[in-house]
């Protein structure tokens, strides 16, 4: 009798970041701009000098802002890049205004619609909202008609990713991942985003057995599992730790706001590697 | 119209006026990082309504009514919630027309309640780009949206929007039928000066002036011709009950985060909390 | 300070069945033909003499068969009517062959697609499977083209219900319902079906507080909560009780197979009311 | 081709032949009430493959490998599963082409692997209506489907189907590209007599004959012209390992439920189990 081999998908942060090519379409999970964002992974991408990334998120935050500040991003495809109640994302604001990055702004509902389409292997999904606005026009969304009722609908094009990276509360070594325990408000759309990607990387606070009722990504859907405790810092991680507001307010934001000031931040807080937290 | 000796501060008057827009039976979908709207919602729950459901940070009707928790420590709501409702489900729920009320804060509003949340034009410099998040969808799907702005200026109430993030009442026509949309859209606008509603032509009109504000002042600060409701009145000042509720749910005055002048002071406070 | 009123949506089985009109489009939840089917509710509909029902299910089973045998059904709209490993559903087979009921056969994927459309307030959902077969032809499904890729796709029309009835493991008096604890294989499509209905009725094994992480239908989505312990009998209920195979094999099936024999079954096992089990 | 003195019984030969269709790396989506396919899958897991994931009754790769539990007591699988995967997600997963293998049992199969699971024609009486459940979708989306039938007759292998529930290889053309479908479809057919595959024109051909079966017999029992693979051979008889595994996973011979003659005896047995 053969015992099933349980695949071990764990790898180092460096090896996992090595799965991301320059110019990749990469999506980051997370709930708002400072919650559950895979920052350890973002910092590793910067240390490895990745460039030309097309940064996707359903909502984005400090992940996108830091990549932009490091010159690693070519575009953003998301419905939000900001730091929540702490304000705007300075690197994003500057790059968007100067045209240094391309901004492809979706609404939150439209971008989930694009990922829903990919999840169902559809090239588009019809949609009823975001009508008669400049957002849909700017995105070049076409109109379709229901063949039964004649209703005109927006056609949201499927959004595909090369890589998705999610910071999870817990994951086993095979890849069964509990993204959020208890469930927070974006856990299920993080799974939508992951399922739109060819390669899925889970960074987990803890590696270990996961309650089968709380598995939000199945091992088979995950390509790499990285042990990244504290990996959402300086953002928050579910019930594990809160936002490091002092760091963002007193260190991150001033550096990001100063023209040319961000390289000092990167030298001090990124290039020297992850600290244990 | 006589102004009282001391008018209530705009954050108080706005929170209270906004709270009165919530109705019994409502399902209120609540956004993040909008503590003024949060204060209004909590006042409503404390004073005005008894059977409202709230969706906030993925939680359905948590019994934790602390504004600061909702803003910066959603994980404290989790143990007090009746149910978690995922992002996909709340979107579907709203698409089906079941979400009946939501506060939305635009950067600009035109005469028909169309909104800009995306672009700030700057003289001699490229425009700044912000994000609409779900505004362009919610304003189409949520049955009644209450728009609010913390500055009442001609730049905010603009003849022409820099960018239309969301269609409110479009050109004033009844444009929703036939597009798969329910009857929905902006129902009111609350500013530091007044409460606005929509007339029969779905054009903004002044419904009530906050204590201390004048019609001339409102018209001067509005970039388009503004009608006046035949029932124009003074916004009833905050009641004792409303003021007590506000003090109870927001003793730290986190709501002031949404006002330009007090924003930094609130951030200082937040750094010491949570 | 006003304390929130928690609505009490509990009502008697009889009152809840009274919410169903003759000729209603009614959907029943359940996992396969003999699992988690709201049979107490079905029996009450028969006792109340309901007729002309359009019986929907993602999968259907003894619920549809019993309603057909009692003359209460005008049509079936589902991807399965059977008794699982115990075999075919005799009343359905006879009525389908004779034309006594209209059979609108979907595939399981197409019928969930129809409910997914309704869940997103769409009049149709594009779909890639069930291609070049007689099922799609028989259902009269149209083809649409993706406006971006030109891909021809099947258009599955939205399916709307007047009433949905779900047998749940546990539900609070307001209507927060745990359909299945632990999660079985159809829990989420039961929620899809419920959310396609104007009126939602939850029959629960137990009335009481529900773990917020296990709520699959939110109170606001539920119109009536019925305490119906043992209500899935003679089928099974999740981990609560198994299929009563002896009853189905020795009593139900012979009665249903005999031409005219089912009225005796109804007299003995339905008309006399629910027994406590 | 010489038949051995005693041929293995069809349920054993079929279960074993079917088990050999599963490959390392497969994701197998497994249906309900198909214990012969269940036995085949469990033999595969016990003997042939080491890194296969199984989706069964909403459970992903439960370590409980009892066939009777999978058939009539799925709740016993729950505590042994790595994860629950909902119906919506397994459908999406399959639509994305990630489900690589599935057993399907049609009522009829034509020369290009199109299948009927819906209609049984009866002489002088109206046809009986059955259900395809997900067959018409799975045969389009799952990368390799293994069709199987427990009777090999001209009525089963029919020139013309009474109803086409699912398109296998249609008219033999490569019809999937351009329709949003992945490369997928029926890869093999197992019967009580033989193993069939598809030739270059996507037409059925005999690959191997079970011990005791002859080509003449197979052709006689097939309602259309049947090709023969240039590599035609005898189906290797069940190995000791395979037989032991079968005995281990299905000591009650629940698999016989799928054969007409033994169906009632199995039901008697099931009534005393679970």
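Every chain is named by a letter (A, B, C and D) in the order it is written, and numbering of its residues begins at 1.
Everything below uses one rule, namely that a contact is a pair of C-beta atoms (placed from the backbone, for glycine too) under 8 Å apart; a residue touches a chain by one contact, two chains touch by 3 or more.
Keep in mind that what you see is a predicted model, and the values were worked out from it rather than measured.
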Centroid-based (C-alpha) most distant chain relative to chain D: B
Mean-CA-position distance for chain D and chain A (Å): 41
Whole-Å gap separating chain B and chain D, where each centre is the average of the chain's CA atoms: 59
Centroid spacing, where centroids are CA-atom means, of chain A and chain B in whole angstrom: 29
Touching two or more other chains - residues of chain A: 120-123, 128, 146, 151, 153, 182-183, 212-213
Contacts with two or more other chains, residues of chain D listed in rising order: 59, 78, 84, 95, 180
In contact (per the touch rule at the top): chain pairs: A-B, A-C, A-D, B-C, C-D
Residue ranges of chain C in contact with chain D within the complex: 31-32, 58-59, 78-82, 84-86, 88, 93, 96-99, 103, 105, 107-110, 112, 116, 128-136, 146, 151-153, 182-189, 192, 238-239, 242-243, 245-246, 249
In the complex, chain D residues that touch chain A: 27, 45-53, 59-61, 63, 78, 81-85, 92-93, 95-98, 180, 182, 245, 248
Chain C to chain A touching residues, read off their complex: 120-128, 142-144, 146-149, 151, 153, 155, 157, 182-183, 212-214
Complex contacts: residues of chain B adjacent to chain A: 32-33, 35, 57-59, 71-75, 78, 84, 86-89, 91, 95, 118, 125-138, 140-141, 163-167, 170, 175, 178-181, 257, 267, 270-271, 274
Of all residues in chain C, those that touch chain B in their complex: 1-5, 7, 119-123, 172, 174, 176, 195, 210, 212-213, 215, 218-221
